[in-house]
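Each of the two complexes below includes subunit A, the first together with subunit B, the second together with subunit C.
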Partner chain A sequence: MMTLLLILLPLLGALSLFVMKGDAIKKAAFATALIPFVLAIGAWVNFDAAQIGQYALNQAWIPSLGISFSVDMDGLSLLLVLLTTFLTPLIILSTFDRNYKNPLAFYALILVMEMALIGVFVARDAFLFYIFWELALIPIYFISLLWGGENARPITFKFFLYTLAGSLLMLFAIIYLYLQTPTHSFAIDAFYNLELPAETQTWIFWMLFIAFAIKIPVFPFHTWQPATYRENSTSGTMLLAGIMLKMGLFGLIRWLLPVVPQGCIDSANTVVILATIGIVYASAIAIVQKDFKKLLAYSSIAHVGLITAGIFSFTDNGLRGASLQMLSHGVNVVGLFFVADIFLHRTKTLEMKELGGIRSKAPWFATLFMIILLGSVALPLTNGFVGEFLLLIGVFEFSDVIAAVCGLTVILGAVYMLMAYQKTMLGETSAATNNFTDLTFNEKAVLVPIAIVVILTGVYPKPLFELIEPSVQHILSFINI
Partner chain B sequence: MKLALLIPVLPLIGFIINGLFGKNLSKSSSGLIGSGTILGAFICTAVVFVQFINAGSVATEVTAFDWLVIGDTTLSFSFYVDQLSLIMMSLVTGVGFLIHVYSIGYMHDDENFSRFFAYLNLFIFFMLLLVMADNFLVLFTGWEGVGFCSYLLIGFWYKTPAYNDAAKKAFIMNRIGDLGFILGLFVMFSEFGSLQYTEVFANAAQYSESNPAILAITILLFIGACGKSAQLPLFTWLPDAMAGPTPVSALIHAATMVTAGIYLIVRSHVLFDLAPETMWIIASVGALTALVAATIAAVQNDIKKVLAYSTVSQLGLIFIALGVGAYQSAMFHLLTHAFFKALLFLGAGSVIHAMSGEQDMRKMGGLKKILPITHITFIIGCLAISGIPFFSGFFSKDEMLAHVYNDSICLWVIASATSALTAFYMFRLYFLTFSNGFRGSEQQKHHLHESPSSMTTPLIILAVLAAFGGGLGLPMELIGIEHAHFLENFLPDLEDANFELSHQSEIFLMMGAVALAVGAWLLAKKIYKEKQTLPSDNVTGIQKLFVGKYFLDEVYEKIIIRPFQLLGNALYIFMEERLIDPIVNAFGTLAVAKGNFVKQLQQGNTGFYIFGIVTGVVVILIANYLIWFR
Partner chain C sequence: MNVLILISCLGLLSLFVGLSDSLRKYSLQVIVAGLAAILVLNFLNWNLENTRFFNDMVNFDNYAVAFSGLILLASMVVFLLSKDQFSFDEKSTGDYYGIMVFTIAGAIMMVSYSNLAMLFIGIEVLSVSLYTLAGSRKDSSASNEAALKYFILGAFATGFLLFGITMIYGASGSFNLIEIANYVNGTAELPYLFYAGLLMMMVGLLFKVSAAPFHFWAPDVYEGAPNIVTSFMATVVKIAAFAAFYRLFSTCFEAAAQQWSLILSAVIALTLIIGNFSALAQTSLKRLLAYSGIANAGFMLLSILALKGDAASALFYYSIAYATASLGAFSVLILLSEDGKTLSIESLRGLGKRNPFVAVLFTIILLSMAGIPPTAGFFAKYFIVSTAISNGYLAISLIAILTSLVGIYYYFKIIATLFADPIEGSEDHFSQKRSYILLLCALITIAVGILPELIIGMLR
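So, the complex of A and B:
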């Protein structure tokens, strides 16, 4: 019931907006987005890892086709639901000092998006998973198109086609897998129990992997991403980078590893090498970026590359690191894109060389930006360190040489983030930043919780470890046969 | 022993108060909170020290909370109280406290006074984590943390781009070392299944000498040490780090943080003992760094730069000692160096304070009479670092040199040459700064004054430590009194097992070293006091190499930084924009070439389209179902 409520509440919230007018809309959107968060916290507090199917709801839907409305939250799902429900209100709050045209549609779409994302993370039926997966594309498509920048149209179109291509591959794979199940069922357990020949596993693997890889994105399937992030409205970018790309990473863990374990093992080398290339490639490009938002976009590719490599190490450390880093990356990237939004809103530019000296004008902003940056460069006692350290150990257990290359992110991440901080925040003020004002109350209300999470998860991640451990072991039980 | 938990917490509280409420605090309360918390930590350390001795000197673990789950083990955030960590804790909180007090005077006119104290407190917090850790990951936390504080403090005056560059450079060069460190931890973990000191060292004892895994771990940890302790090839950040306020140079870039690499090796000496090849590398790197940095120090004209290169060089000497297995002598010199180098930096700060910010020694001179306390304490520092009997540096350096001689004559020659150079450049600095007439502007002359007591008191205390710190390790056995060497008794595990030099040779070496030091002193006196030579900007021959700092920065720029930027640009333009993306677009064009599909999408019918897909899927499935089960 809890799980169903978590899916339905954002939708109800979206519907309730239609009776609102003016400023009340955004406030109502924020308030309704808070409810699922409170609920998710409650689910976390009451979560009992030993109890399998604690939040399960299994309702026959189209029995003739073996489709059921089957949802549940294990630790991993709950972690991502927490991420989604924590970030959505913040994303809404981040728009409070901005004026988006047609607010009703805008906030309703964000809430529908939240519903679809939660659906993806809790679905235990491949068909349902696919429906939510596609459903998530609709609101983000409109948000990108209607509230994006001047070049939004062609860029959004490309993004749309690209992900759609991936979805089709996934659809074929799912249908094929469905046909292989003895009872013709879309249920996740039926998929998990399939024992396909190695050859079949390999091509199924690639169909599903490419679908997820596009979403993440993994090198070389990433070229839609920088432009889409750059041209999107801040809320759109936050939704994409903060939560939506986790759909892909989650897909790898939930719908790929246990379903075609042999295919995964056979292709692991290729995937890890691609991911590693992506880390160095994206970091090298991030270093030469002049636009802050594009720098963040490439840095995000580097970060998710490491998460992908960690997942394909098939180790407990790699999977723990991946889970925790999904959370940390989501939180940090939303914070950093909000920083970009603050630059843009105040100075009308994202060119880093036109900024500078902001620290002396805006101490609150400078401090909070620095804390989130530290999370992003994985300083110990911040959230980024926990995930990155475990991911690197996982990759090291897979291959020491590759871990050494992935480890370059330790250096390169510091290079481009500190460079960006120096160019934008330090030095003397420029013409663009002369009148830079410090954070407003609403802006603080977004960045302060993020900064707190950055430090809290870095200092005391134990509850999160406890939350995900059974899921990690469960996934690994399929791969280490 | 639970009191040990409070030791790092106190500076953290200071950081939080000054960091969050500093703007509303008066300067005196900011300074009081900043220094008071460190004094509190020092007192707690003293109490724990006494408790530790009374409890029979048994190493104790104190756990704060569980931190990370790695593999099958849970790593906790916990501390290790033993002889070594107690010595380091005393050093960090003791010298740290003096430098905090000094900063009250030094930073008095700075508008960001409370922020300065917040950063200093945070630094002490991380430094205490580093030395108190009971596992390598907490050590690494402190390690990274002090690097970050160093970044904040070097770039404290963040409006000057050069300072920001120096701060960034320090952080990044440290991170290069840290990658080595972190990979070393991975090898360690995969080998021993733990990062806990006690478990790692107990397991390591079962390994044979030169085991590849042990070699890998020690070399990787040493790379980390090279970054933090500014050894070749990663030392170039330290001289640039002098951009920070002078108390920062004294605290972080002389007395505490830069000794972290030495601490790391001493702490894990069980591993290093099993890796003679690594030890050889450490000694060689140390020797090369010591000599290179000393030659650069001898031609610098900026008072702080001399001290910075001197620090690099002295750390190099300590690394030679580590490389020959003389851990305890290395710790001895680490301590005395902390005393006299902190003293020298703070003295230089007092000079710079008096000179209204001037750091070029060619514009100083004759400060002897105007800054009497600074002068007296400074000369004690010079005597100590030069190894003049019976100041602290004399005892610690000669002990190291004896151990080096015992191991390798070649290393000993380099170390002795470095020591002679040390005496030369220190007295060069002294004579240029304090002797003869004043060479600065009238305005500077008018402003000259001795520093306030908040600055001179720490100088006096440090001068006493620099003068008498040798008491920690008096070579009493040379005059027939055994077991009177404090550190030897206190750190029995760290003794150099291979040391077999006779007392006569030791005394002979000592006399040679003193002769060299005095000779260098007299040479400096002749050139810079009697002939009143001023270093000129036109240098010739090999001096060009020294003044150019061996052109390391230029080399790094050309072989690493530029090529990497080129790579980034090349990837961006050729791979990203001209190869991958066009391929993707070509696929896209192909796919949408037919029909007016595109038009429909662009008219905003996408939603229906996707629902179309979904419905389509259902239809296909139903059809399939019908065919299948008919």
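So, the complex of A and C:
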């Protein structure tokens, strides 16, 4: 019931906006986005890992084809639901000082998006999973198209077709898997219990992997990403980078590893090497970026590359690190894109060399930016450190050489992020930054919670580990046979 | 059976109503009311004990009842859209309506036949009426061209069909479907005569459903015929042709599937590729719908290839989804196009600003055509592909899925155009009155998409 509420509330919220007018729309959108967050916190507090199917709801939907509306939250789902419900109100709040045209449609789309994302994370039926997966694409298509920059149209099309191509491959694989289940069922347990021959597993693996890899994106499927992040409105980028790419990572863990374990083991080397190439490549490009938003886009590719490599180490550390880093990356990247938005809004530019000296003008901004940045470069006692450290251990257990390469790029990450900070915040003020004002109340309301989460997760990650540990063990029990 | 008699009577009635000047303005009401009554009667035939009538010429089993119901329903929507659409020839309105009703009679024969002679009569009743309708705009050269093209090519296809029927008769000694089926199942080595007949019937039917490489008539005929006739052809006629196709192949030719499945697979691949890629280049909405109709035909043919299992339900569900979306799209076309002019996709630019209500509804229709959940179009495509895969047709299913990506591209290009910034000074020729049909189609699309169980249980 709790899970169903979490799915339905954002949808009801989106519908309720249609009776609002003017400024009330923003506020109502924010308020309706807060309710699911409170619910999710409640679900976390009451969560009992020993009790299987605690939040389960299983309702026959198309019984003649073995399709059911089956949802549940285990630790991993709950973690990502927490991420989604935490970030959505912040993303809405981040628009309060900006005037987006046609606010009704804009906020309604964000809320529909939230519903679809929660649906993806809680679905326990492959058909339902696919429906939500596709459904999440529609609002972001319109957000990118209608509220994006001048070149939004071709870029949105590239992104959209790229992702859909992956989805269609996934659909084919899902139908095939469904037909292999003895009772013709889409239930996740039926998929987990499949024992397919190794060759079948390999091609199923690649079909599913490409679908997820495009979403994440893993090198070489990343080409849509930088331009899409750059051209999108800030809210669109936040949704994409903060939450939507987690769909791909989540898909790897939930719908790939346990379903075709042999296929995963056979292809792990290829995937880890691709991910590592992606990390090095993206970090190298990020260093030479002049545009702050593009720098964030490439650094995001590097971060998710490490998460992918960690998942394919098939170790306890790798998977725990991946889960935690999904949360941390989402929180940090939303914070950083908001920082970019503040630059753009105040100075009308994202060129880092035109900025500078902001720290003396805006101490609040400088401090909060620093905290989030440190989280992103994985300084100890911030959220990024916990995840990346475990991920590196996981990758090390898989291959020490690759771990060494990945470790080097963490240093590169620190280099370009700190350089960016130096260029934008320190030094002399420029023409663009002379009149830089400090954060408004609404802007603080976005960045302060993010900074708190950055530090809190870094200092005391234990509750989160307790949350995800049983799920990780469950997934691993399929792969280490 | 009663349905067939009543629909013919309704056709005669509408001719008489059209005769007098004072009665003519009621002809639309008379026909819609008549169709509604026949629709109700039709469903009284559900689960009939004895389904065979007229010396086993027709067989009103549940398959026939379901498809007749869909045809009647779609026809009602077309008639509701047709108000003022024949204004170029006010005096003959009754004739056009009468001919349309006769087309429906032909369509119902095509879904309920159990004898090849009846199939042929049904196809001819339907086709001859359509040739006339396509040319109903006598002063327009495009309309005349459409009629002539359709007639000449259609006559060829009919010839093929008839040739095929006689050859099958020559081999099996019967026109009756059951007896042909018995012959096919009971003969170890079928003669070449039979295969030649099968192939020829297939060509004739593929022409009627506008599958590649027999599709060349469709875009020109669709474009040239009056809007209302095109919407009629794209929905009612197409569904009837598919229902007839499936009925023939599933009853008679299943045992010979090995011989024809490869040919049909090639046709499907060609249809999907040609339909989708040609649609990419279209600038006129009507022509785009014609090509998307061809692409959809490729999908529907998959159910004939699959033949077993849920194929009939899949075809039926797809027909519903396709008819609803097409009627929605055509209602937009009819709402927005000026009399006698083609409506370019570019002229839809900014509709989202000028009329958000219509734009959003049209978006739902386009999402369904593109096959995006939770609309009916998604489940229809899913169901048909899944049936094909379960019968072992993996490669062709993959082609179907991947070419639908091309479809998604052009449908979403229209959506992007709808919501792009309008050009200064553009406005729509608009009658708000009939957008209720668009609303109805959009609602059905979503309802059927979320609750497919309502439909797929019918033909199991």
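Going forward, the second predicted complex is superposed on the first by the 481 of 481 C-alpha atoms of A that agree within 3 Å, B and C clash if a C-alpha of one lies under 4 Å from a C-alpha of the other, contacts with A are read in each partner's own complex, and residues count from 1 in each chain.
The rule is simple: contacts are C-beta pairs under 8 Å (C-beta built on N, C-alpha and C of every residue); 3 or more make two chains touch, one makes a residue touch a chain.
Computed from a prediction, not measured in an experiment: that's the story for all the values here.
Touch criterion met: A:L65 reaches subunit B and subunit C at once. Of the two partner chains, neither subunit B nor subunit C is touched by A:K348. Touched residues of subunit A, counted separately for subunit B and subunit C, are more numerous for B.
Touch criterion met: A:Y176 reaches subunit C, while subunit B stays clear of it. In the superposed model, A:D400 makes contact with subunit B only, not with subunit C. By the document's definition of touching, of the two partners only subunit B reaches A:I287; subunit C does not.
When the two structures are aligned on the shared chain, A:K101 is found in touch with neither subunit B nor subunit C. By the document's definition of touching, of the two partners only subunit B reaches A:L418; subunit C does not. Using the contact criterion defined above for the overlaid structures, shared-chain residue A:V386 touches subunit B, although it does not reach subunit C. Shared contact residues of subunit A, touching subunit B in one structure and subunit C in the other: 62, 64-65, 130-131, 134-135, 137-138, 141-142, 145, 153, 157, 160-161, 165, 171, 175, 179. Taken in their complex, subunit C has these residues touching subunit A: 367, 372-374, 378, 382-383, 385-386, 389-390, 394, 397-398, 401-402, 404-405, 408-409, 412-413, 416, 419-420, 452-453, 456-457, 460. Within the complex, the subunit A residues that touch subunit C are 61-65, 130-131, 134-135, 137-138, 141-142, 145-146, 153, 156-157, 160-161, 164-165, 168-169, 171-172, 175-176, 178-179. Subunit A meets subunit B in the complex at residues 62, 64-65, 130-131, 134-135, 137-138, 141-142, 145, 153, 157-158, 160-162, 165, 167, 171, 175, 179, 184, 220, 223-224, 281, 284-289, 316-317, 320, 357, 359-360, 374, 379-381, 386, 389-390, 392-393, 396-397, 400, 403-404, 407-408, 410-411, 414-415, 418-419, 422, 425-428, 460-462, 465, 469. Those residues of subunit B that touch subunit A in the complex are listed here as 65-71, 137, 140-141, 144-145, 148, 151, 155, 158-161, 164-165, 168, 171-172, 175-176, 178-179, 182-183, 186-187, 189-190, 564-565, 567-569, 571-572, 575-576, 580-581, 584-585, 587-588, 591-592, 598, 601-602, 604, 606-607, 610, 613-614, 617-618, 620-622, 624-625, 628.
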